[in-house]
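To keep things simple, chains are lettered A, B, C and D as they appear, and every chain counts its residues starting from 1.
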Amino acid sequence: MNIGNSENSLIRMFHVYRRYGKYSALFDINFDVQKNEFVFINGPSGAGKTTLLKLLYLGEPASEGQILFDGINLSRLTKNKIPHMRRNFGIIFQEFKLIPSKTVFENVALVPEAAGKSGRQVQKKVSSVLRAVGMEDRQNAFPLTLSGGEQQRVAIARAVAGDPKVILADEPTGSLDAESAGMIMELLKGFHIRGSTVIIATHDTELIRKTGGRVVYLKQGRMQQPSNL
Amino acid sequence: MIPLFFKHAFRDISKNKLLNAVSAITIAFSVIITGSFILFFINTTDILNMWKKGIKIMVYLYPEVPGEMIPEIQKKISGMYGVQDVRFISKGEALYILKEQMKRQASLLENLRENPLPDAFEIRMIPSSRPWEKIESLAARIDEIPQVEEIEYGQKWLTRFSYIIKVFKLTGYAFGILFFIASVFIVANTVRLVLYTRREEIEIMRLIGASDGFIKVPFYIECVIQSAIGGIIGITILYLVFVSVLSNVEQGVTSGFINVRFFSFGIMSLILLCSMITGWLGCYLSLKHFLKTV
Amino acid sequence: MIPLFFKHAFRDISKNKLLNAVSAITIAFSVIITGSFILFFINTTDILNMWKKGIKIMVYLYPEVPGEMIPEIQKKISGMYGVQDVRFISKGEALYILKEQMKRQASLLENLRENPLPDAFEIRMIPSSRPWEKIESLAARIDEIPQVEEIEYGQKWLTRFSYIIKVFKLTGYAFGILFFIASVFIVANTVRLVLYTRREEIEIMRLIGASDGFIKVPFYIECVIQSAIGGIIGITILYLVFVSVLSNVEQGVTSGFINVRFFSFGIMSLILLCSMITGWLGCYLSLKHFLKTV
Amino acid sequence: MNIGNSENSLIRMFHVYRRYGKYSALFDINFDVQKNEFVFINGPSGAGKTTLLKLLYLGEPASEGQILFDGINLSRLTKNKIPHMRRNFGIIFQEFKLIPSKTVFENVALVPEAAGKSGRQVQKKVSSVLRAVGMEDRQNAFPLTLSGGEQQRVAIARAVAGDPKVILADEPTGSLDAESAGMIMELLKGFHIRGSTVIIATHDTELIRKTGGRVVYLKQGRMQQPSNL
């Protein structure tokens, strides 16, 4: 691992804080992710894992500090550049965030559509990612009629439907049984092999142990010494 | 992109039937209310115009004006601006009319030595939007003709009419503005509520990299379609109510006294356009505020 | 339980400010629109009432009716339903009035041998809501008095007035009903949208064992409070607009001709009550439908 | 274990089906729960675990078959009796189902309030259950400002705030790290010891192994032979 080498850095965080009122959800975070890394953010409930991901995908601004993505300072981004920047990320939200009034297919299709892909390309892409998560036969179902694990798989399909540079996965296997979880981790590893950078926030040390990769540990908003489990 | 936006808009309409129905119904009601007021206003203005037509100016000449001058004076008056026609009423005709009018008291006029009435002109004016000011100025000009002894026009009724019409106009404008503002606000509020129910969806779309335009355009299309549907429903209901009220009025009250009219095709198109603009405006106001806060 | 419900209602109001503001504003607009129409209606009815007061019935007696009978006949007419006062006009007075009225043609009456006019009564009627029908029936009853030769009242103007008033009334009723229905619907729709935005909350409350009553009561309280606030806002705005329009009207048009009035306290309370009922009704309609579908 | 003894049965399911269109989420379920049992419903994503719980708390009706609770046939219950019946259950929903516009305290307070408890009782109860899940210092926060694990703990607090006869927990530790999960399982065991019946739906065989208890296994809507892990 070569954290010091900033040549290859895709994401760099310098002294980043995120405060909610008096409470600091993140405290002086210095964090680098290289291109094509596979990183776990580990930590207990309320440690700040989700908050860290939010800062990356511009879901919230940092209260202090600098975040660079591919050399671009995220806090300097003008409002109309934000959608474009977000298309670099494929996000698996902890609470899935599927649109209840749209079918599985439509939910996933939104990503390539928003990126301006043609109808045929959208159709092809959506089918392929739904197949990859084992949800192609539920493509006309509405999210609320899906089980928790099925929703999570759709959320994963949507995250990868835009061929993102970076996949941000927040507890991507929390609602899945061991078998499905293994399948999903294989899928994410496949993206990693094909060149994507993958950042996974999870409290599940078991999962980290089984999968392998760089681990950073968060506790009460502070980042501990990096370690390999 | 464009067909995609329409696809999204139509999908959303079919999936959010309740919300869309609410917006459309609100616009329909706005159209009904504003429309029925316009209708009322158009038709009462018609009645008042009818009355205005009935107003005549009487011009009395000096007794010593010779008969040969009459056509000349008549021509002079006819040429004045605002005059529709001028009818000469000789002193003999005037006495006859007076006798007719007095009916019961006609016996008073039985044994006159000579006709004391003057020759006169009866002037009818071109119906216009501001007849009261015009009558006064016309009267002033006629008064400058040397052969004219006196001018008479229904001053008393004129004041009343003119008052009524001013009240009508002022109230009309006030109502019109009020209704328009109210419609825009109610529609904007409804759209805002609809957006509010879909704020999660909007937020999610933003998070997955959709631009504001991508999110907005289908909403605009939806709003305009909704409000067009609302407008058509409104006009249709208005027409049905109008026809049924009219049939009742016509039975009860002197039918044919005036022609009660519905909107012309042009006004209907205008109302439809207005309701679409209202929808668009409501969408614009709500989205503007909304995309900032979400 | 009751204080708990109020606590919930107030919490919800403070937490859903947007939603509540939307409902209140919608009701305020409904009140403004309905109220301004009522205002317009009240005041124009006032003008028409003014005119109605000007209408008199003239009753002419046979020439041979002896002077001693006059008080008796006057008493008879005074006693009739709908009569406000009866003034006796002797033939001498009548001639004098006629001369006054005829002005220009007064010379006609200079050299009369005897006064050919009859004695007469001038009757003014009690102002009422349906004076036209009453005039006719009163005239018929007076005609039955043997000493009466003829009755005259402004048939021509009567027809016009009566037409105008009928149109006014019909439109008034139509508008009133329309506005009320529209208000209830718009408010119900708004409440439904508000409920729709909170459907998740309602569903969750049901799942944790809350009874429908527990869910509903705070909503009713909220709706009624909202609509009361909306009603007060509406009346206040209406009053401000009224005052500003009035000051313009008074400047431009014959001031003091009639007394333009705002609502009495009673009517204001009634409007407030109506808006609260509207809110309640809107809530009722929406909840009824809603609790079935969620 | 004594499944045959219906004397002590709190919940009995006879030949229960739940169909969505053609698809059977539950297929011929026969299932008994004794008073004061501690039962796991295990199975992969989409097995029908959540659906089974829904039938119990009357979130949905069974398409076929009978469900008895304490001798009462749930399908015969009149509409106005449903809220009362539901107060027997403390439910931890898989997706938490917290009301976003209410604070943590208000969310939890709803349960005793709906049951008609007095203001003082509500206050006391809510404080005590929030303390038990370690969320008492966040009682004025709104759910959306909480981390996934914190939301889950609030959901657990709400489930036990009504002192229910039965606790239905759907994946109650899915968003929790090992430590918090252990704490929550201790809490649920505590309720079990004090007399509550506990039914936990989970895909996490690790959790079941650590906790112990009766396990029924669901797969594709069918219930397998009961086994002890």
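A few notes on this one:
Following the convention adopted for this analysis, a residue touches a chain if its C-beta (ideal position, glycine included) is under 8 Å from a C-beta of that chain, and two chains touch if they have at least 3 such contacts.
What you see is a predicted model, and the numbers here were worked out from it, not measured in a lab.
Each chain gets a centre from the mean of its Cα atoms; for subunit A and subunit C, those two points are 67 Å apart.
Note: centroid distance subunit A to subunit B, computed from Cα atoms, is 62 Å.
Rounded to a whole number, the gap between the C-alpha centres of subunit C and subunit D is 62 angstrom.
Interchain contacts close the chains into one ring where each touches exactly two others, per the touch definition above.
Chain pairs that touch, as defined above: A-B, A-D, B-C, C-D. Residues of subunit C touching subunit B in their complex: 18-19, 22, 25-26, 29, 32-33, 36-37, 40, 43-44, 47, 51, 60, 98, 104-105, 107-109, 111-113, 116-118, 150, 152, 159-160, 162-164, 166-167, 170-171, 174-175, 178-179, 182, 185-186, 189-190, 192-194, 196-197, 241, 245, 248-249, 252-254, 257. Chain contact summary for the complex, subunit D toward subunit C: residues 57, 59, 80, 83-84, 86-87, 89, 91, 93, 97-102, 106, 110-111, 113-116, 119, 158, 162.
Those residues of subunit D lying in contact with subunit A across their complex are 20, 43-47, 49-51, 94-95, 145-150, 152-153, 170-171, 174-180, 203-206. Residues of subunit B that touch subunit A in their complex: 1, 4, 11-12, 15-16, 198, 200-201, 204-212, 214.
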